[in-house]
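In the two complexes below, chain A is the common chain; its partner is chain B in one and chain C in the other.
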Partner chain A sequence: MSSDAVTSASPPGADAGVPAVELHGISKRFADVVAVDGVDLQIGDGEFFALLGPSGCGKTTTLRMIAGLDIPSEGRLAIFGEEVASWPPDRRPVNTVFQAYALFPHMTVAQNIAFGLQMRGIRGPDADRQVAEATALVQLEGMEHRRPSQLSGGQQQRVALARALVNHPKVLLLDEPLGALDLKLRQEMQVELKALQREVGITFVFVTHDQEEALAMSDRVGVMSEGRLLQVGTPAEVYEHPANRFVADFIGRTNLLEGVTEGPSAVRLDAGAVVAAANELAAGSPVALSVRPEQVRLHRRGEAPGDTPCLDGVITDATYLGHAFVYTVAIGPTAGASGTNAGERAATITARSETGSAALAAGEPVSVSWSPGATTVVAD
Partner chain B sequence: MSDLGTAGTKRSARHLLKANAWFVFAFLYVPIVVLVIFSFNDSERVNVWQGLSARWYGEALGNTQIVSALRVSLIVAISSTVVSTVLGTAVALALDRYRFKGRRALDGTVYLPIVIPDITMAVMLLVFFAEAFKLIDTFGPRLTLGVTTVALSHIAFNISFVAVVVRARLDQFDRTLEEAARDLYATPWRTFRRVTLPLIAPGIAAGALLALTLSLDDVVISAFTAGPGATTLPVYVFSSIRQGVTPELNAISTLMLTASITLVVASLALQRPRSTTP
Partner chain C sequence: MPSLRRAKSAATRPADAEPDALASLTPTGPDASASLTPAELAAQRRKRRTGTLIATPGALYLLIFFVVPLGLITVYSFATRTSTGRTSLSGWNLNSYERIADDVIVGIIARSAWLAFLTTVLCLVVAYPFAYYLATRPPRLRARLLVLVMIPFWTNGLVRIFAIRFLLGSNGPASALSEAMGFGTFRILFTPTAVVLGMVYGFLTFMVLPLYVALERMDWRLVEAARDLYASGAKAFWRVTVPLTRSGIVAGCVLVFVPSFGSYVVPEILGGAKTLLIGSYVARQFQAARNWPLGAALSVLVIVAMLVAVAINQRNSANAERTQGVTR
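Our next item is the complex of A and B:
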């Protein structure tokens, strides 16, 4: 998987011509369980798209419907403009890298890779050349005559990739392809897979439950929960502007401060403060204010710059991580703030700061602040 | 102290198990060894050793009754094995992957021939053939018991054994492999030919071998369903025992034993992983 040869650099994004994959109101029911519930999605040509969600959220079922291994109960499904919802998997121009690779144990590496070519009637020197190319692409030269059982997990994963890519599919589907690898290999493969996608220029649809992996690798991310697609956007959009509470909580670490809206530019927190936060909800809506730990600024009580709106709190825990400190700060009625009102509830905020700054100790009274642009108001 | 006690108990248990293993071994194989040795006995009498000779092999193979019984046995065994392997595999596949009406009932009854006594099965088949012939006779053709009815009877019980063995293999089969093949442009039939069949082949081969062995072994069902001229080798051996055991029977038994061992070895060799050419 050499990253130097970027042969195809088609611009990623859903707006580039005919979408590679298009889902309209796709649902899938198994008996009385709704696995996928009305998903609308467009994936652009050449895009690296991640479907992200906890296990059982319907992401794998969605992928299987694109592959043709599950037939949608409802909805339309098009691949490069062609309606394929009722097509069997062998007629669809897509290939899949399965979660446990599903390599044929009775065939050698070369035979596994050649399988798709053979099924399409490509044999002889032409097939041999393509198999050799695919083998080289995933750096498995010399392994051609081994059996899958004689390979390591990482090598099996490469065979699975080569077996799919040798067919030059219009879309490559990957179902948790790195799930079976250990952490170090997983991180290496993330980089390689991303480079490989750039090199071959094929649309990748990648299913994962690992949000870091999804953010690191993909052009766009679709977050799923309980069969629904909650938000689609670039990793930055999804991280910085989560569409709802679930997405805010699932993507990265965040502080969710409960409160109610007070007009379009303020939220009254349950912890007892009114803070500036733009929102489009009716006044009085119950919401949560999402503040990322790295956006939280801590000041010793009284040392905050005069014009910054602050919440008062007390550090309850300080953890040293080498490159950063993680502080837990208690705010609200019990934190020693003045004039406790009825209905106010205590809350905790997690803050993260680089180790270069002065360390704070547990028990120290502090003021907490953030810039208004760093927060997102999320509803259920 | 208790540690020492446990170690001692473990040691004596190990010795006991070892002795048991040897005892079982002897129990199984000593009679066979005796049979083989006495098949090379020159004597007219089975239990008197008179010197090494292969004369009884010659006599057995020169006996037209034995040769004809052997021929019937082989025809019945091979035909019933082929048919029951195909049908038994089909039943196992159907039970493994399809949900259809009557599946549970079939699942429960397909194995019945394994548990019901041979004699019951034999009487059952005899009555069935008699009634069926009566019915068919009203339309003209006159049917009688013969090699065909023996073969049909063997198919009837062999299907169950093949189905059980193949089903066990299918239980371990990873269905994702079929999905992968379908994803790689294989039609359902080619998926079966190139992925499913090669991977369950050891199970099918084992089932076929079992069917062949059971067919060659069967006495009771064959005796009931065979007409004149359809005597199988085991039935012949069984009926000639009534005139006393002859060294000739030792020779035939040794030949049958050799055939069985050859079959087992061949099947084991077949089941060894080997490279498949694309």
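Our next item is the complex of A and C:
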């Protein structure tokens, strides 16, 4: 595992015994690219786990290795304790909901759903009953005899779910299952999918590049970048305590203020102030201070309460969003902050405040503050 | 007031013309021209005239060298053969068509159909794995391999068939090899086997290309989905790959069966006296036997069989578009 990765102590289902999915030093190399680089991961039984990262980060390859569609170049892979790294996909107790659904266009909805059962030799009334159950589970009754091409995107998505779930897999793998849907439908399906997972109690491993989706749906999130798993934790842990600069920047919006540590409780910002910030790094380490926009407080210059660290700045932009204002504040030497020292660099901070508070205008001199607990020190 | 309304409706036509919106999208609709301005109509006429103009040479050529001879053949098939072997364009009758039911001719047709069928099946069995291999190579290699497939297609067919005749002959290399290995000499030339081998070789490209096109368009994620749903590699192939490449299979079979059935050159060169096929038999009617009406009637039969095959192929590709224009 990468040295800076943080793994939360134990997944929710871990006390039940063997993890549903266990990856040990899993790597995958294609010709000249390392798609996945030494990933260690345990996913608990019954967990809703999201693999999150930008496109090309290796999350889909990781999922495909669990499914058996790609074979790891290195490492061990176990599903409920069984070593499966060299097994073909048809022997593994997992099923996949593919990104573009990959429904069989030459089969009806019912035939698509029955396919997995047929391949395992389940036919006749028993198969019919299970197909009917799965069809009901995803609310597709009455569509059984349609072809995939006659269905909407949302309906196709449900067929893909039913086709996988009818087999009662031990783990369900979902590769950007909502990516092809429009925003409104996607939000509806997020809620539905979450409810469905609770209902069937199957471990879900969900791949997405959409951090909001990952935070909203999953019990735990694994953030990937360039083939490496950077951080694993609950949505709150990952959002509030990002393990490094990439995670802080990728999950939600944040201000990353460059600086160096000055002992275990302070950071000297390049923009020219020393602020309190707990960290475990050696003094003098280059770091960034992550402050979420909604944690930033703005005060008219001189009106700031004395007990919080303050930076002076000037508002350069104010955007009205209906429910909130988003301000861009220039801080540092050029903003006329007190006592410009050599090496200080200008920076900008994005702040967000409810519309109820008094509006500030561009050009207004302000002081910026936050409570010390609201920040996280991140290294590269 | 009326003129004002006119001006307004002209200015806002696209949004205003809700009931006519569909009609104006399809310029061939009967009401479409009514809603077009004179300038639009003139442009449409110009376009149509240009289209007619550029199609004329090709149309003339086909008319003179295809439609006219076809008409003549059809006319001759109803003519009378005089006792001297001349064709009399009078006393129109169906005698030639009735003769098709003769045992000899039915036998020839059946043999031709059987050998064409064998050729088609062999072509399919040989071409499918090959097309599969081609379609699953990296794109650059694919293009090069395709050129290799096409090269024999561009060389003279007659030369190639004579080469096969040499290869299969009783003092050719195949026979020599067989003798050297202790299997004795090899008697294939001038048998139906030789004809089928020759036709498979001659028409293989017609099978490979449509199969290649179908396999190249194949969405391999569907095969992965099948594997994920507990299908073995073989089951995924039969349940997903084969049905989804059906259009290529049918097209290839039609493209091989039709020329095999009417084949003339290959059976003439590789076949013996006992493997008289319909193509050679038709040729004989126009030459030695001097029975043009019978030859013409048999030609019409072959053409009708071909048209049926083409109709099957058309329906097949329409079906394929309906079921496959999906989820991509």
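We adopt the following convention: the second predicted complex is superposed on the first by the 364 of 380 C-alpha atoms of A that agree within 3 Å, B and C clash if a C-alpha of one lies under 4 Å from a C-alpha of the other, contacts with A are read in each partner's own complex, and residues count from 1 in each chain.
FYI, contacts are C-beta pairs under 8 Å (C-beta built on N, C-alpha and C of every residue); 3 or more make two chains touch, one makes a residue touch a chain.
All values derive from a computational prediction rather than experimental measurement.
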Superposition on chain A - do chain B and chain C clash or fit: clash
Which superposed partner A:P88 touches (first chain B, second chain C, both, neither): both
Which superposed partner A:M119 touches (first chain B, second chain C, both, neither): both
Partner chain(s) touched by A:S369 [first = chain B, second = chain C, both, neither]: neither
Partner chain in contact with A:A102 - chain B first, chain C second, else both or neither: both
First (chain B), second (chain C), both or neither touched by A:Q111: first
Partner chain(s) touched by A:Q156 [first = chain B, second = chain C, both, neither]: second
Partner chain in contact with A:T60 - chain B first, chain C second, else both or neither: neither
Which of chain B and chain C A:P148 touches, first, second, both or neither: second
First (chain B), second (chain C), both or neither touched by A:T350: neither
Where chain A meets both chain C and chain B, residue numbers: 67-69, 88-90, 94-96, 98, 100, 102-106, 115-116, 119-120, 163-164, 167
Chain A-touching residues of chain C, taken from the complex the two chains share: 219, 221-222, 224-233, 235, 239-240, 243-244, 322-328
Residues of chain A that touch chain C when the two form their complex: 67-69, 88-90, 94-96, 98, 100-106, 115-116, 119-120, 147-149, 156, 163-164, 167
Complex contacts: residues of chain A adjacent to chain B: 67-69, 88-91, 94-96, 98, 100, 102-108, 111, 114-116, 118-120, 163-164, 167
Residue ranges of chain B touching chain A (in the complex, touch as defined): 174, 176-177, 179-187, 190, 194-195, 198-199, 273, 275-276, 278
